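Across the two complexes that follow, chain A remains constant while its partner is chain B and subsequently chain C.
Let's look at the complex of A and B:
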């Protein structure tokens, strides 16, 4: 079932499977916070929660794009290097100055959307499978990024993010970091787009059955291209936020976000084959995943151990959800 | 009538709280052909799934050959000699006909590996043994027609020498000649002492082959008969009396405007088809499956490109590049397979009904929920769709009600030209009647309708004119009154009989 009137969201959250999964994901996050607090007092303090949510917001932004494409049964594997290219393009084109920040933002977000649109065009118009198309695009973006930046040896590559971008991540408004306000706006906008607009409805119909949608006059190609463009847009946006967070861009900074964005979407109960799910679920997924990582850090779990636990959590959830499917 | 070959005793089964079967009992004996009839949702398919080992009953006992059994899966049923041809086809589309036929018993070559050529040779021999000559064992299942797939399913089951054969609506995708072929196979099995259980909505077929008939209603058996007339059977099935199945054909309006005109349309599998269609007219299209009807419909709807000829819609020459363009010109298509091409099964009745008119229900791309609900509710009310509500997933509705939602979608869009492709396939008799009434009502309101059906009887009763297609051309044009199913069938098979 697709998104529907806001009045039914509560009803849905309580009664249907999709809604329940969103609740599970949020509950898991809360439980993990409690575990963290037990292991290391102060973990779930206001400061602790704030910093975890900031980290989660980066995953959450990428997951917004990933939610869009997974809803039509696709996937975006070009996330790591679109994000990385976005981060580098941001610092290089702004040279760390505020007066160039706005054109640099437009350029970077436009680059992300354009690369995403190319993904969508390859998939929708040329019939290339999403996995192949976006994986190839990831390689192309990696090559372009490395080549054009001379392996980050270009003179402007070491520039810092414009102060205004750094401030957006680090400053607080009403006690909440600005980046979280931005994320909140994205959450509302994406949920509105999916639940309340014709485009959102088309997204769900294409995800349910592209052939039937085509025969009902839905422009499947345009929907596909726009969704991938949105995914590219959000990857680039996450790149901008990350460079604001860390100050400088680095090679390989996008790598963790491929796995984490897909994981967040899956944890949030978006059906991996498309057609069902909500961004709110992916948000919950991004938060619980980030809390999980922090809890493991609190346990002094080494890097490799965290990787194993990540993988196990995803498998366990897919098994659980698969079972739920059968009993329906 | 001797020993029972298969028995269900007080069998019950629920899906998520909805009872599909409640304490239903059924007995079929060796050497008989037993028809299961009832409306969609009466529990026939569920019973067959249980007896075929695909679904486990919640309560009750299943006996095969006199012994109570607990079937763990279709394989367990096969081991007891019970085979099933399911309604949803179970072939693997990307494998060849031969591989599907001989699945898991492929012919091995000298190396001990599966030999492709030997598999094809054996499949060919198998098809020939069952009198099937028109299907190439090398063809991919994906590329053959629905009727051919059904034929392959049947050959696969029959070639395993079943003691008990279950067929769930085997004839719904077959045309007359193939039905005859199937009945030949069924009679042969009966002669060998096997038990054949089948479901069908076509009364003439049931009468011609069934030794006994068991009627189901609301998840329970309501009686088993050796002799019963159609009116009585329908009354038992529906719990009410249905007047004549086919409503009277309204007269063609005089001097009605031409809605659609095709001249010498050609394309894949269609060669030079011309016709004109008037407002208020039901134009039937008939003939054997695979003779270009599907392609013709797809071309008219912009889903396939015409390579030649001309299409005129309401007086304007058109060349549709997509269904979207055809819809904008007021053309609607209810496709062959509503589950894969028509409906979004997991989405709600509302989402399905309003899909085409969403533009009208939005402002700056934002949905207006109240108006959308009203529009969807109007479909449910005016077409008497039986559903718990417009937020119910459409997949949970019965076949006939799904079809109504699909039709309602186009009526909301106010399409004047309706292309209806086999809209009563797999629909129960009461709903069929409602669909017939609806089609004729739409025609009398001025809609122009192109109506393809695999059921010649339907075409004969519902159409002002019938075009019979053979090998991509119009082989005959028949005019009402006085069209008979025999006329249609004989026009469709003339060459085949001569050959």
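Let's look at the complex of A and C:
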């Protein structure tokens, strides 16, 4: 947590154990791209890489929030239905028109942040374990989403995402889909927040030792609430991008993103008990995981095989570099 | 994290506290969940009488018990692991797998059925063993290991039983989840008895010891690795029981039927007073917690709550239960 001049970042990336994990995760992604290219020529073409990165960006956005909360030793299990609620709220409040797009975006992102802040408040102020709080919140959001939309039977539920939002995912600027530019901005913003601000330092200290950072004058409750609010914000944002990608919202669209976001964060070398890790690692993890799934699809692997290999690869990566010090 | 390590509890209970108050403090979670269950049963009966104009009878008792047994075993599996300061996200995967194998193999006569039942229990134990070895010997975080193995077990389950189906022999159902007679009333005391025995075995004591302080337990001669592996293995065995009861209840198999049990087993264990920080809680509490979870669903049904809102109320109930249990627990422990 020393000063972060560009030189030291490079230095860290090569010589530090944490930095090496990020490099490993990126290398794993590149190797998988090479395997894909070998199996199906054109896999690693510019178009192929672009489309895989777009899919990875959805996991990457959720993983940004998950990184924040895992850095303080928490976890956010409310991702699936916050994301799903965000997606539905986006189409229902905008009704597919561009004029309403901006208020709808603000409403949806605000909803995500508010739900996340409730998670943080329950954990920090009421002392509820993060697993229980976010698990209950996932149920609460599921019930509200299903109930208020009448099980997706409401008249506006079938609305399409506003054309601007769809364009943000599908259109390209300088040859790169806009959603990837957005992701790049998020990557820079999150890395800046964690690496170069007071708040970032406070996050790492809380993750290392909450009591010591409290004694050192860090307001642990506020840090916790803000981090969970950010997690809710990014879940809602991923929901918006997903309706932009698919055009419409659907029930259950958030389910795959819970485990994928946790896996991405962990593969990227963020320590699950908090205090260590970088968002760049989670980005690498999100990309590697998405390439892995695409490679398995290129092999024409049936569902069950993908599920098994997915688990085995995560285990292999964990055994490679996720092991604890031997204390016993 | 928690201030009540064994040492502080021991000191606090020294001269100033009576045996009964010590027992109360130690089992405050269990007492609370029994109170919660009683409240749920009363609420359920009142709602039932109001809406159905008669008292709940044998059919309601049997179906409630039969619906609870799989969750009770899943919660027990979760408890065994959580007590060691772990968490088992693969509970749902093991239930999927054992349920799928049951649907494919339990088709013959009594002898074949019995042998396959034993084999399925072994499969569940083997799944738990893999988790335990990866956690203890592989030195990996439990949440990550079981996240990965969940995916693996789910995949194998779908390979075993691509479509829901199978025909569970009526005899098997009659023994485990007889629709006409509450067989579960026999199993619950058996589970309770087995837990009481387990709690007093070397392994049981070791599980609680490493959940409280692995380093201290290790320096007192407890093999942490062996204990963790055995706890996960027993957990896998309990998950296999859940898969079998689920198959008996549905009289068929489904390779995705167990998925929801990963999270509901955590809910039931937490309601049962099992601390997610390890070392505190009991299998009996988890058993009662499973009943509370099922009763809440029943209550919502008879209260004519729109089923779409069901998870909303379940979530609120879980939070309310945890917050009030925290406050009561703190109040009871605070009287030193």
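By definition in this document, the second predicted complex is superposed on the first by the 314 of 328 C-alpha atoms of A that agree within 3 Å, B and C clash if a C-alpha of one lies under 4 Å from a C-alpha of the other, contacts with A are read in each partner's own complex, and residues count from 1 in each chain.
Quick note on the criterion: a residue touches a chain if its C-beta (ideal position, glycine included) is under 8 Å from a C-beta of that chain, and two chains touch if they have at least 3 such contacts.
Keep in mind the model is a prediction, meaning the values are calculated, not measured.
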Check whether A:276 is in contact with chain B, with chain C, with both or with neither, and answer first, second, both or neither.
-> first
Kindly classify A:136 by the partners it touches after superposition: chain B alone (first), chain C alone (second), both, or neither?
-> second
In the superposition, chain B vs chain C on chain A residues touched = C
Pick one for A:305: touches chain B only (first), chain C only (second), both, or neither.
-> second
Applying the touch criterion given at the start, work out whether A:208 contacts chain B, chain C, both or neither, answering first, second, both or neither.
-> first
Regarding the shared-chain residue A:315, is it in contact with chain B (first), chain C (second), both, or neither?
-> second
After superposition on the shared chain, which partner residues are touched by A:122: those of chain B (first), chain C (second), both, or neither?
-> second
Which partner does A:156 reach: the first (chain B), the second (chain C), both, or neither?
-> neither
Touching chain B in one complex and chain C in the other: list those residues of chain A.
-> 328
In the complex, the residues of chain C that touch chain A are 87, 134, 138-141, 143-145, 147-152, 154-159, 162, 214-215, 218, 224-225, 263, 266-267, 270, 276-277, 306, 308-316, 318-319, 322-323, 326
Chain B-facing residues of chain A, complex | 1-2, 4-5, 8, 196-199, 201-202, 204-205, 208-209, 211-219, 275-276, 328
Show which residues of chain B lie in contact with chain A when the two form their complex.
-> 16, 301, 303, 322-324, 327-328, 333, 335, 340-348, 350-351, 355-356, 358-359, 362, 365-367, 369, 391, 393, 409
Within the complex, chain C is touched by chain A residues 75, 77, 122, 126-129, 131-133, 135-140, 142-144, 146-147, 150-151, 259, 262-263, 266, 272-273, 303-312, 314-315, 318-319, 322-328
